[in-house]
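Heads up, the next two complexes both have chain A, just with different partners, chain B and then chain C.
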Partner chain A sequence: MKDSFFRSMTWLHTWVGLLTCWIIYTIFFAGTASFFRDEINLWNQPAIHNVQAQTDRVAAQRLQIIKGFDYLNQHAANSPSWRITLPEERIPYLVYGYAKPKEPEQRRSQFVNTQLNPNTMQALPPFVETKGGNFFYRLHYQLYYLDAITGRWVVCFASFFMLLAIISGVVIHKRIFKDMFSFRRNKGVRSWLDAHNLSSVLALPFHLMITYTGIITLIFMLFPYPALTTYDNGIRGFFNDVSPSNNVTNKALGSAAMLPINTILDQVYTKWPDADIRSVRVSEPNMAASTVTVLVDPGKALRDQTPRLLFSGATGELVAQSDDELTNSKALYESLNAMHTGRFATPLLRWLYVLGGIAGCVMIATGCIMWAKRIRERSKGKASFGLQLVEGLNLATIMGLPLATCSFFIANRLLSPTLSGRDDKEVTAFFLAWLVAGVIALIKRDKLQWRIMAAINALACLSVPLVNALTTNGNIVSYLMHKQWALFIFDALFLLFSILFLVQTEKLRTAENAQRKTKSKPVVKPVRSKL
Partner chain B sequence: MRAASFNALLTKLSSFSLLNKRLSRYQLLVFLRFFIAIVGGYVFTSTLIALLSVVLPMAKQDAVLLCVSLSILIYAVVFICAFWVKSLTTVWISILLSSGVFLAILASLKDWV
Partner chain C sequence: MIYLLSFSLCLFSFNCFALAKFNHFKDVFKKRPTELQHKQLLALAWISILLSLAICVETQSGYGALLFCGFMSLSVLIITIFYNLLTRLVKVFSVLNAVLITVSGLFLALN
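Entry: the complex of A and B
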């Protein structure tokens, strides 16, 4: 629309980036935290801190499933469904659960879960109510306080704008290789641009991949049309076609005794001798129509749909199964999804994902700070409403989210374990802290407010491991001594961020002093880049 | 001729008051550009992949999965093009026309009319 392709893409990059940067920052922030979903779940649940990882996890699975069937038969023979969830490498405990009969107004039936220590097979102390890592996971793709579907649409479009910002950013970027190695410190806007380029270019494949695949995870909401035109009964028909389902015995009537689960497990292990079973689900147990679904860990395969076998619970007949070999289209779609969630990732790869996510946060934060700085320079003291709004949102989002996160974890430790609706109160603590940051940003948005927020964040990050040490039996030193790495790294990361915020406070203080000194002298005009 | 009448239309459109404040011509152009990029791009992508999923010679579920996997790529390219092409009229006409053609073929294939 401008005179040249280059100029119109620059314009596009600026505006699509600026319009969505705060939502995208929130999405990236929550998404990065979600790579540690299991670890956050663990930290938020002190009852399972001391559950030792099993040494023979996969070998113990058969017995755990058999015991689960005995337990569920004893306690909930007439329940509409059962679910046995086995321990995983990052989830140390075992769950036997059964559904309560559905109330008319409920969309999904409620589960009664019993958590066990897989080493002793004893029930664990009652869990505290917490959303844990699932809070960040949901925040990541459907925001909060918004209807889930509306939230997903917002996330979808924000992500699409992000994708456009990345593409146009690459187009307007002339020296991709050179910028990988250039960072000019203390040069005003130039330094922010360098930081923006550096964080974008270094992790560019990650940014492109994660944004594209992110939209693909919600694609059937965004573009349902191919499924609608191809299948007579639309999306439902498509999903019925894609996911294996029991069409053989699910219409059978009357009750029928369950076959011993051992015979079903024998079939599973014949097909997959090294199967690492994730969970066993039973619908309509003790009925002729019952289905037993065995879900197996896909390992390192780029698959989103968990490999599974479906059996008739009454006859033990194999009635359906997931594809052994994926067709090309399916492989494409499944790998796009799997790449986004990164469930297959080994610890090293998981850390690379996290570093990519952090680079994304830095890229977005530097981008919107740079815009505000540049306009501020040009406007020579008189700030328009738009500029003030951007500066306010920058401060409130970039500095507010870390504070909100700390407050979420501190609330998890300080709220009474028996409080009803405790999980919602943790979330309230999250948003209240964010509101505080918003109020500070509303008052003023100068270096001083950034310094205040940095100092508050340093304090908040420090108090997470401290509060943890005071309220639970463990602390960062004991985690190190007992090799509880997940918990140790969790606390250590907060200490690290506390130090980083402290450094920021110090930097801002010296910058403020320098600003005060040079106020009388003529200001040296910083080099304005071509962008 | 076409450009002139389009200009007249623009002037007419921008004189519509929004909160009693006249939109500047530039603002209106930006709005129309974003509108065709977002909504037009969406309609273009939807009709194209809906058509593709019907005509592609592969199993139904494969066609659907391939089409949705490519959808965002198509949408992004159309969006960028909508900002790349200098003439706004060309952008509007080509997107509306191509979406219309896709829809017409699809409708005739599916016996919707």
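Entry: the complex of A and C
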């Protein structure tokens, strides 16, 4: 401990921040991208680019479900389960899917999906294998190439460190509220500190909320002890207890024809007349033990789990349902989860989440750059191994992640649609590009390397919409003409980032020239008077 | 329109908070604010930020508070850009902000 509270907090802020800043940056970066998970999925699947959003989406749901049951009865009457996923505002297509019988070594059944255009009810061209937005989502909370549980523990610890860094940061940066609207340009480390303070304070409620709720999303992994001591089968027993619809096992034997789905839908619409149905899941279809689960949109309610009704498929009897009124503890847990994921947020709120996420990335990046700059100033040219490591990781992470992301999207367009394991190869492209950034950072970490990386990033960002235009039927102009806003904004964002990286390249070039001039200027020694 | 009203109120609030600071007031009006002006600006800022919060929570229920946090972030960003890079446009910006509040408020009141 240091000799005063303020110095202790400064020490804490520096070290908890520095130790985890690169991993936290990755988590924030991937999390920010995940807010647009559905839009990334859309961009990554050219087959659905021209599917128009339905104007009467909710009204058409009943017919889509009935047709789905007919289709699945025809094609997979003996399948262990069926799934009908209805179009949503951000997911424009309809899916009829059925599970293949599980192989002995398989943990989960493999699904065979048929994607349809909901406007024409015609099957869409085959989908390409891609992880899409789900890759960033998984990277955000369990990293990659790590066992899922280990990855989650790493993310949890990093989040704890982040929370400590935020709280200690508010204590040590005493003037963050006084200097709230101030940013002093071209003042060296002072400017970096201003940028760090500004990005922290402008989204401080968001930073606190997203970090705290992030820990809460994994709370049952972090703190399972109450459930472990109360339930014989631990966490599973606890979840079955709080969500009765998870635990329904219909013990009826033999086969039985499915009740017409209309009978079940009538019950759903009686309970929720304006129900916006998300999906219908059937287990053991055409058996006496079959169950039909209907999941509906929770609307503006701040809850993470979709409300659901569970019926017997053979008799139509309501077997279980999610709680209409949540208990206080459940409501708290659900709302904290929903706040973190923003799953049911409106487009405006989603953009504001993204703004908060970008502010978080800037806060972390400026923090670790500032530390390196301060230490370099103090070391007067002699860089220790620690400083070189920090500078290298700064360059590799801050500039490497945008390059890796571009590579992921470029690979999505350039890899052959028929290539097996195509989705894994996209991920390999992501990490290979990141590795390249790491190698550049390993060689040297001067302004020149930052400039090279900025130029490469500018080119990579520009390539994403260009490669898209060359390999698909659409481009940024056609998206604008046909009001395909998600695709247009996606391409436009990459163009914007390309411009920003170009500006950065130019700024770094100017700074480098200025530095070179200062170095080459002869030092004029003062002439001592002989008088 | 309700989004516009709550956002412009939030923006107005942070504009007042910024003007209540002596250095920013001096940058815009070339003189220091009087003690009374300082207090009035702070009062206006608090009233409009609370109004913005109330509108967000009332109209957006569960997600209202989150929306309000997002509006605050966006407002601080815009105000910082204006006060540091476009200081000479702050007066025009403030007038536009007031017009936005009036128009969106009137629209909602009349419909």
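Please note the rule applied: the second predicted complex is superposed on the first by the 514 of 531 C-alpha atoms of A that agree within 3 Å, B and C clash if a C-alpha of one lies under 4 Å from a C-alpha of the other, contacts with A are read in each partner's own complex, and residues count from 1 in each chain.
The working rule: contacts are C-beta pairs under 8 Å (C-beta built on N, C-alpha and C of every residue); 3 or more make two chains touch, one makes a residue touch a chain.
This is a predicted model, so every value here is computed, not measured.
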**OP:** Pick one for A:222: touches chain B only (first), chain C only (second), both, or neither.
**Re:** first
Original post:
For A:183, is the partner it touches chain B (first), chain C (second), both, or none of the two (neither)?
Top reply: second
Original post:
Thinking of the overlay built on chain A, is A:242 touched by chain B (first), by chain C (second), by both, or by neither?
Top reply: first
Original post:
Can A:348 be said to touch chain B (first), chain C (second), both, or neither?
Top reply: second
**OP:** Have a look at where A:327 lands relative to chain B and chain C in the superposition and call it first, second, both or neither.
**Re:** first
Original post:
With the two structures laid over each other on chain A, which partner does A:410 touch: chain B (first), chain C (second), both, or neither?
Top reply: neither
**OP:** Give one of first, second, both or neither to describe whether A:212 is in contact with chain B, with chain C, with both, or with none.
**Re:** first
Subject >> chain B and chain C footprints on chain A, overlapping residues >> reply: none
**OP:** Can you check the complex and tell me which residues of chain C touch chain A?
**Re:** 3, 14, 17-18, 21, 23-24, 60-63, 66-67, 69-74, 76-77, 79-80, 83-84
**OP:** Mind listing the chain B positions that touch chain A in their complex?
**Re:** 29-30, 33, 45-47, 49-54, 58-69, 71-73, 75-76, 79-80, 83-84, 86, 88, 106, 110
**OP:** Please give the residue numbers of chain A that touch chain C in the complex, ascending.
**Re:** 178, 180-183, 185, 198, 201-203, 205-206, 209, 300-303, 335, 338-339, 342, 344-346, 348-349, 351-353, 355-356, 359
Subject >> Residues of chain A that touch chain B when the two form their complex >> reply: 1, 3, 5, 8-9, 11-12, 160, 163-164, 167-168, 212, 215-216, 219-220, 222-223, 225-231, 238, 241-242, 327-330, 332-333, 336
